[in-house]
Structure formats: structure tokens, C-alpha cells
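Look for subunit A in each of the two complexes below; its partner is subunit B in the first and subunit C in the second.
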Partner chain A sequence: MNTTYGIVAITLVAVATLGIGAFGLRVSRTTSDFYVASRSVSPWLNSSAIGGEYLSAASFLGVAGLVLAFGADMLWYPIGWTTGYLLLLVFVAAPLRRSGAYTIPDFAQVRLQSAGVRRVATALVVAVGWLYLMPQFQGAGLTVRTVTGAPGWVGTVVVAAIVVVNVVLGGMRSITFVQAFQYWLKLTALLVPVFFLLAAWDDDGRPSPVAPSDWIDPFSTGDATGLYLTYSVMAATFLGTMGLPHVVVRFYTNPDGRAARRTTLIVLGLLGTFYLLPTLYGVLGRIYATDLIDSGRTDAVVLELPSRILGGTTGEVLAALLTAGAFAAFLSTSSGLTMSLAAVMGQGLAGARLSGISALRLAAVGSVVVPLALALSAERIAVASSVTFAFALAASTFCPLLVLGIWWRGLTAPGAIAGMVGGGLCAGVAPVLTIAGSPDGWFGTAMSQPALWSVPVGFGLMIGVSLLTRGSVPLNVARTMVRLHTPERLDVDRRDR
Partner chain B sequence: MSSSPPGPEGSGRVRVTSPLATAPRHVRRSVREEIDESTGVGEVYMRSLIRSQLRAALTVVVTLALTVGVLPLVFLAVDAVTDRRVLGVPLPWIVLGVAVYPCLVVLGWLYVRQAERAEREFSELVEAQDDR
Partner chain C sequence: MVEKVSPEAQAAYERIHASDDFARLKKAYLGFVAPMTVAFLVWYLLYVLCSSYAGGFMDQQLIGNINVALVFGLLQFVTTFGIAYWYAKYSAAKMDPIADALDEEFEREVQS
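Then we have the complex of A and B:
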């Protein structure tokens, strides 16, 4: 791949990101602008921002790589990441916006009136965020190394620095513009080359992928392990999306509950459009780039296809476009995660000695330093698996908290704590065991994708302990339900009592 | 009735009125007030709103479970589906790679329509009572 084009592409994305961030800075004035873009973002802008934020390295590079290597069974990942938004739409979107809370710990406090629940939720937000942020930084290092030949830490540090500068300077408002821009950049970056690649494939006489039947057919081996893994991936991605900290934060930028629903519906469309493309790259890769499987560099298939199939200047320019898209993916997801982590930590820090904005800025630096250190020191963990553990953790803790908190009056603070701690331990121990010991057999399978059993544990504990502590149902639960569920046009009393 | 009302010292007659006429007039409270004061009536309205919204959400979940949720089992059990080709592409790839996405969007659109209708009806009910 041509190094100069690659470096130009990365530089352009970085400059555009910082430029749009600076434009946002001129509009960001108050603390409210910083945190929630003053809640005045239109559904289309907000949806593009959510899509831009959500489509991470795993979506842009990882899905095509997985399809190239493992075939049909991998199509469940993008399906799960999209369906997660459908479940978020039906269970969480409007009531969460109406709760008036900004983060999951805020929601826990509003609903359960308990500082203990708030502390547990805060710790879990940080855990999920770091688990998700680390592979983004590592993936950035990998891409920069593939494109330019620079050592891996360069890309990691560059992405972390841009993200911190952006969050510190502009907060949520500039992040919203940046994210919206990056969704459309990512879509364009994948869409335009596809036409050239398919035309070249057509000229080539439309060869079919040469692959064994277990690549083409889903579950051709027909064993129970494959079935367990597929359903566990479904459980993690379907239910985990609603609990990801950077996803939840975006709902507060909607003006009201109805807009929150419409925004989510547009997001569904944007994600569905985007996820049609990575599969094509994976299949074309199976025809033209099978050597990547042997060398274990399947994640690079999206970046390498144009030079291999088209070659010449066209191939180089398209490869640079794809590099720009990949870099946008790292930047947008890391920015969103950093913003939401900083918001949660900043709320904890803000007080007598620090203003709200200073606390947010300090927390932004803090929330990047730890995953950055992990990314630089730890051995590379596969992007897709680390991301799936983050989904499983969110699905086992925040999904029960949100769903039960919104739809069931009987939820109590002790129940919520028991469910989050229990579900969190189950989903948290699994990656540690998998990475440390790689256990074999059924136990190893259950540990490698924990969601199918850890989500029921989280729900079960939350419901069971709530039923045992019925006496501590918050007194104002009826008032909270009015606040969560009545449309804004009705002039009812929404105050805390 | 006599033309000159008798005084108290007169024939000993006493003015008799219905208790309903002197009792404080019954105040008809609006649904909004019932909801604000969390009375039994307000609670009934709120529970019916929440139940109809939850029903819409669960309809989506059941639809998902019966369509997307059973796909792995169908692929596993029915070879005819796995072997079928459409325009040269194996059917599972068409279903998982393309067809699922528009279905998810349509499902979401139907849900939003239903949820907004439930809210509109609830608002109209509450506001109609408000005007009385």
C-alpha cells in the first residue's frame, strides 16, 4: 500500500476531526452545552452521531475479517449489533430520555434513590468503558503500523491524544458534530470502493469463493458448541447495546422522549445500511486474499483489497479512503467512550473545589490514561473478543437495571445492587479466566462467551432479591413512573418528591 | 305555599331542605390532578399506559424470537434451506447478510407507530377530562 496516501488520509481525518471540534467550541459556552449539547440536537444529526460513534473498529475492519476467516456464522455479529438498537428502542429509549438523567448512575439514583446503587453503577460504567476503549486504541496502533510502517504505539498515542484534546476543548456539542461527520465518512469510505471492486470482479468473470462447506453453510458441523456460541453472541449483543455507556449518554441530547424514539429508528436504518457492506468485503477477500488467513492478518482485508484487485492509482486512492474510514472509526468510538466516561467520573469529581467543566476536563484525561497504559503494555487481545466481553458485561448488569427499573415497580436498591454485582462478577470473571488459563471443553466454551448464562444470573438476582426486600421499594416509585412514561405534552407533575 | 312566609314565632313550621342542596358541591377532579396526586384513579390510568407500552415492546421481542431467534435452529435442522441458492448465492447468506436488516427497520417503525398512538390516545383522554 502507498504510504504517502495513507498518511495523508490519516492526517486529513485528524485535522477535520479537530477542525469540527473547534467549530463546536465556538458554540459550547455553558456546562449544559458541554455535557448534553443543551438537549437541542435534531434527530437526523443525533442519529448520524450515534451511528458514527457506534461503528467502531470491530464493525469497520473486524466484521469483514471474521467473514473472510470463518464465513456465514460470523454474520450474527452485525445482526446482533443492529438488533441491540431495536431492543433499546422498545424498552429504553423514550423512558430513559424522560427520566432526565444523564448517565446510568444518574438513572439508578433517580429511580432507586440510593447512593449505593449509584456507586456500583459508576464502577461498572468505568469497567465497561475501559474494556471497550482498550481494543480501540490497540486497533488504531495496528492500522497505523499496517499503513505507514511506524511502530504500533504511534497510532495508539495519536488517537488517544486527539480524543482528549477534542473532549477537553469542546465537550458534547463538538463531539456530536464530529460523530455525525464520521458516520457519513465511514459509509462513504466503504461504499465507494465496493462499486469499483464489484466492477473488477465482474470483469474477472465473477469467480466464486473457493471455500470448504463449513465456511459457506452455517452450523455445517452441527454441534452443540456452535449453537451455544451463536445464542450467547445474540444474548450479549442484543441486550448489551442498551447498557453501553457511550450509547446511553447520547439519548440525553434529544429534546424529548418522542424524538429519542425517532432518533433510534433512524439509527436502525443507518446501521442496517452500513452492515450490508462489510460482508461483501469479507466474501471478496475469500476470493482474492485468502493468504491473509494463513498469515493471521484477516483484519487488514478491508484495507488491502483495493490494491490487490484494482492496483494502480485507483487502488491506492481507494485504499487511502478506506484508511481514512478506519481511522474515523477509532476516533469516533474512542471520543464517545471517553466523553461518557469523563461525564460519569466528572460528576464524581465536581464539587466545591472544581467547576463542572474543569472536572469534566480532568476526568477526560483520567479516563484515557488507564486504557492507554493497558493498550501499550498488555499483549494484543483480539479486538472482536474484547468488545464482546464489554457487551456481555453491559448485558448482565445494566440491561436488567434499565429494563426492570423502567417497567417494574418492584425493583429495590438491594435487588439492583445484587443483580449488578452478581451479573458483573459472572461476566467479568469469564474474560479473566479465558485470557489467563484458556480452559478447555464445555467450561472453556461457557467462559469464552458468558452472556447466555450471566444475563439470566443478573436478571434472576435482581428480581429475587427485590422480592425478598419488598419493604424497601422507593416511596416515590409512582411519581417516577409518571415521569418515565407520560408524554411531555401533558402538563403533569414530574418533580421528585 | 302561603303568600306571607311564617316567622319562627308563627305556626311552628320549620324550613326543610335536602341535604344535597347544602352539602359542598361535588368537585370533579381532572385526570391530570388524579395522576399528580397518585390517587387510585390516577394509578389506574398510569398502569394502563405502561401496560400498553410494555405490550408493544413485548410484541417486538416475541416477533424477534420467532423469526431471527429460530434462524440458527432452522439452518441446523432443515438442509433444504441451507442448500437453496438464490441468484447463485446460498439462501442463508441472503437472509443473514441482507434480508434481516430491512425487517429490523420495519419492526422498529411499526413499534414507534404503535407507541406514539398509545401516547396520543392517553394524552387525549387526559386532556379531554381536563376541559370539563
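Then we have the complex of A and C:
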């Protein structure tokens, strides 16, 4: 690949990101601007921002690589990631927005009136965020190295620095603009080359993929292990989406509950449109780039196809466009995660000594340092597996907290803590065991995808302990329930800082 | 954090929580979501089961290279979007009017 085009593409994305961030800076003034963009983001802008934030490198590069290597079975990942949004819409979107809280720990405290629940939720937000940030930083280093030949740490540090500068300067409003821009950049980056690639494929006499039948037919191996793994991925992606801190916080930026529903609907359309494209790259890769499977570099298929199929300047320019898209994917996901971590940690820091905005800025630096250090020192773990563990952890802790908190008045603070700690331990120990020891057999399978059993553990503990501590149902539960389930204007005492 | 609520507002909240309209609101929600969640889970789980154990059925060619599995898979996505759209319509038509009525009732009660 031509190094100059690649460097130009990466520089342009970085400059545009900072430039749009600076534009947001001019309109960010108050604390509310910083945390939730003053709750005034329109559904289309907000949906684009959600799409921009959600479609990480795992979606941009990873899905095509998985389809190239494993075929139709892997389509389950994009379907699961999309469906997670439907569950988010039906179960939590509008009530969560109406709760009047900024973050999940805020919601937990408003609903359960307990500082203990708040602390546990804060710790979990940080854990999920770090688990998700580390592979993004590592992936950025890998992409920059592939494109420019620079050492791996360069891309990692550049992405971390841009993200921190953006959050520190502009807060949520500036991040919203940046991410909306990056969704459309990612879509364009995948869409434009597809026309050229398909035209070349047509000229070529439309060859079919050379592949064994289990590549074409989903789940044709027909064993129980495969079924367990698939169901577990479903549980993690369906239920984890609503618990991802950087996704949930977006619903606080809608003007009202109705807008929150509209936003989800548009997001589903945007995600569905996007996910058709990596699948096409994977199938084309099966025709033109099968050698990547043997060399284990399937993640590079999206970046390599233009030079292989088209070649020449056209191929190089299109490859640079795809590089820009990949870089946007790292930047946008990391920005969203850093923003939500900073929001949660900033609230803990804010007090007599620090204003809300200074606390947010300090927390932004703090929330990037640990995953940055991990990304630079730790051995590279596959992006997809680290991300799936983050989904499983969110599904086992925040999903029960949100669903029960919104729809069951019997939830108590001890129950919520027991469920989050228990579910979190199950979903947290499993990846450690898998990475440290790679156990075999059924135990190993259960550990490699924990969601199918750790989510019921989280729900079970939350319900069970709540029933045992029935006496400590918060006194204000009637008011909170009315507030969650009726429209915004019912808000004489809704907290709106 | 303990929030300050005026006694009138607290009483109004308690009354609304116990009112028929609030019960109807929750019933309207559950009446849609409960059957839909079951149907939708069965539909998804069935796809994976069929793919694993009913290869013959999934392999049937419909048109050219397009087989049942592919159509089934694409329909999964179409249903996801369809249910979301249907839910948004349903909420706007059935649930929002009840919620608005409760809202007005509350305003009257607290302000009078």
C-alpha cells in the first residue's frame, strides 16, 4: 500500500476530528453542555453520533475478517449488535431518559437512594470502559503500523491524545458532532470502494467464492458446543448493548422520551445499512484474498482488497479512504468511551475544590491513562474477544439493574449490589481464566463465552436478595416509578442542573 | 442524595401511582412487550436451531444460489426493524395519551 496516501488520510481524519471538536467548543458553555450536550441534540444528529460511536474497529475491520475466515456463522455478530438496540428501545430508552440522571450510577442512586449502589455501579462503568478501550488503542497501533510502517505505539498514543484533547476541550456537545461526522465518514469509506470492487468483479465474469460448504451454510457442524457459543454470544450482544456506558449516556442527550424512541429507530436503520458492507468485503475476500486466511491476517481484508482487485492509483486512493474510515472507527469509539468514563469519574471528583467542568477534564485524562498503559504493555488480545467480554460484563450487571430498576418496584439496594457484584464476578473471572489458562472441554467453553450463565446469575441474585430484604424498598419508589413512566413535563422536582 | 419534594407533590405522586390510569399504562406496555419478547426470542432461537440441526430444510434452493438459510437470516434483520417500528407506533398511539392525561392531572393537582 502507498504510505503517503495512508498518512495523508490519517492526518485528515485527525485534523477534521479536532476541527469539529473546536467548533463544538464555541457552543459548550455550561456544565450541562459538557455532560449531556444540554439535552438538545436532534434525533438524526444523535442517531448518527450513536452509529459513529458504536461502530468500532471490530465492526469496520473485524466483521469482514470473520466472514472471510468463518463464513455465514459470523453474521450472527452484526445481527446481535443491531438487535441489542431493539431491546434497549423497548425496555429502557424512554424511562431512562426521563429519570433525569446523567449516568448509570446517577440512575442507580436516584432509583435506590443508596450511595453504596452508586459506588458499585461506578466501579463497573470503569471496568467495562477499560475492557473496551484497551483493544481500541491496540488496534489503532496495529493499523498505523500496517499503513505507515511506524512502530506500534505511535498509533496508540496518537489516538489516546486526540481523544483526550477533544473531551477536555469540548465535552459532550463537541463529541456529538465529531461522532456524527465519523459515522458518515465510515459509511462513505466502505460504500464508495464497494461500487468499484463490484464493477471489477462483474468484468471478471462474476466468479463464485471458493469455499467448503460449512462456510456457506450457517452452523452446519450441528454440535451442542456451537449452539451454546452462539446462544451465549446472543445473550451478551442482545443484553449487553443496553448496559454499555457510552451507549446509554447518549439517551440522556435526547430532548425527551419520544425523541429517544425515534433515535433508536434511526440507529437501527443506520446500523443495518452499515453492516451489509463489511459482509460484502468478506465475501469478495473469499474470492480474491484467500491467502489472508492462511497467514492469519484476515482483519486486513478490508484494507487490502482495493489494491488487489483494482491496483494502480484508483486502488491506492480507495485504500487510503478505507484507512481513513478505520481510523475514524478507533477515534469515535474511544472518544465515546472516554467521555462516558470521564462523566462518571468526574462526578465523583467534583466537589468543594473542583468545579464540575474541571473535574470532568481531570477525569478524562485519568480514564485514558490506565487502558493506554495496558495497551502499550500487555500482549495483544484479539479485538473481538476483548469486546465480547465487555458486552458480557455489561449484560450481567447493568442489564439486570436497568430492567429491574425500571420495571419492578420491589428492587432494593442490597439486591442491586448483590446482583451487580455476583454477575460482575462471574463475567469478570471468566475472561481471566480463559486468557490465563485456556481450560478445555465444557468448562472451557462456558468460560470463553460466559454470558449465557452469568446473566441469569446477575438477575437471580438481584431478584432473590431483593425479596429477602423486602423491608428496604426505597420510600420514594412510587414517585420514581411515576416519574420514569410518564412524560417529561411531570417534573416539578426533576433534577435538571 | 435525598431529594426535597413538597408534601403536595409527594401526595400527588402516591395517588397517581395508585390510580387506574397508571395501572392501564403499565398494562398497555406489558400487553405489547410480553408477547412480542417471547415471539421474537423463539424466532431467533429457532433460526440457530434450524441451522444446526435442520440442514436439509435450510439448504433448499429457492432461486438460483439463494437458499432458505439466507432468506431466513435476512428476515431476522427485517423483523428487528419491523418490531422497533411497530413498537414506536404502538407507544405513540396507545401509551402516550394515557401518560399525557396523567401528566395534566398531576399539574392540576400540584398547582391548585
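Criterion: the second predicted complex is superposed on the first by the 488 of 497 C-alpha atoms of A that agree within 3 Å, B and C clash if a C-alpha of one lies under 4 Å from a C-alpha of the other, contacts with A are read in each partner's own complex, and residues count from 1 in each chain.
Here, a residue touches a chain if its C-beta (ideal position, glycine included) is under 8 Å from a C-beta of that chain, and two chains touch if they have at least 3 such contacts.
Keep in mind that this is a model prediction, so the values were computed, not measured.
> Report clash or fit for the pair subunit B and subunit C bound to subunit A in the combined superposed model.
Subunit B and subunit C clash in the superposed model.
> On the A-aligned overlay, A:Thr230 touches which partner chain: subunit B = first, subunit C = second, or both, or neither?
Touch partners of A:Thr230: subunit B and subunit C.
> May I ask you to decide whether A:Val13 touches subunit B, subunit C, both, or neither, giving the answer as first, second, both or neither?
In the superposed model, A:Val13 contacts neither subunit B nor subunit C.
> After the superposition on A, what does A:Gln113 contact: first (subunit B), second (subunit C), both or neither?
In the superposition, A:Gln113 contacts subunit C only.
> Check the residue A:Ala324 against both partner chains and state whether it touches subunit B (first), subunit C (second), both, or neither.
In the superposition, A:Ala324 contacts neither subunit B nor subunit C.
> Looking at A:Thr279 after the superposition, I want to know if it touches subunit B, subunit C, both of them or none. Which is it: first, second, both, neither?
First partner only, subunit B.
> Check whether A:Met481 is in contact with subunit B, with subunit C, with both or with neither, and answer first, second, both or neither.
Both: A:Met481 reaches subunit B and subunit C.
> Which subunit A residues come up in both lists, the one for subunit B and the one for subunit C?
After superposing on chain A, subunit A residues 72, 75-76, 79, 82-83, 85-86, 89-91, 94, 208, 217-220, 222, 227, 230-231, 234, 258, 261-262, 264-265, 268-269, 272, 478-479, 481-482, 485-487, 489-490, 492-493 contact both subunit B and subunit C.
> Where on subunit A does subunit B make contact in their complex?
Residues of subunit A touching subunit B: 72, 75-76, 79, 82-83, 85-87, 89-91, 94, 208, 216-220, 222, 227, 230-231, 234, 238, 258, 261-262, 264-265, 268-269, 271-273, 275-276, 279, 407, 478-479, 481-482, 485-487, 489-493.
> What part of subunit A is in contact with subunit C in the complex they form?
72, 75-76, 79, 82-83, 85-86, 89-91, 94, 109-110, 113, 208, 217-223, 226-227, 230-231, 234, 258, 261-262, 264-265, 268-269, 272, 476, 478-479, 481-483, 485-487, 489-490, 492-493, 495
> Under the stated contact criterion, what part of subunit C meets subunit A in this complex?
Those in contact with subunit A are residues 1-6, 9-10, 13-14, 16-18, 22, 25-26, 29, 33, 36-37, 44-45, 48-49, 51-53, 55, 58-59, 65, 67, 69-70, 73, 76-77, 80-81, 83-85, 87-88, 91-92, 96, 99-100, 102-103, 106-107, 110.
> Along subunit B, where are the residues that touch subunit A in the complex?
32, 35-36, 38, 43, 46, 49-50, 53-54, 56-57, 60-61, 64, 68-69, 72-73, 75-76, 82, 88, 90, 92-93, 96-98, 100-102, 104-105, 107-109, 111-112, 115-116, 119-120, 122-123, 126-127
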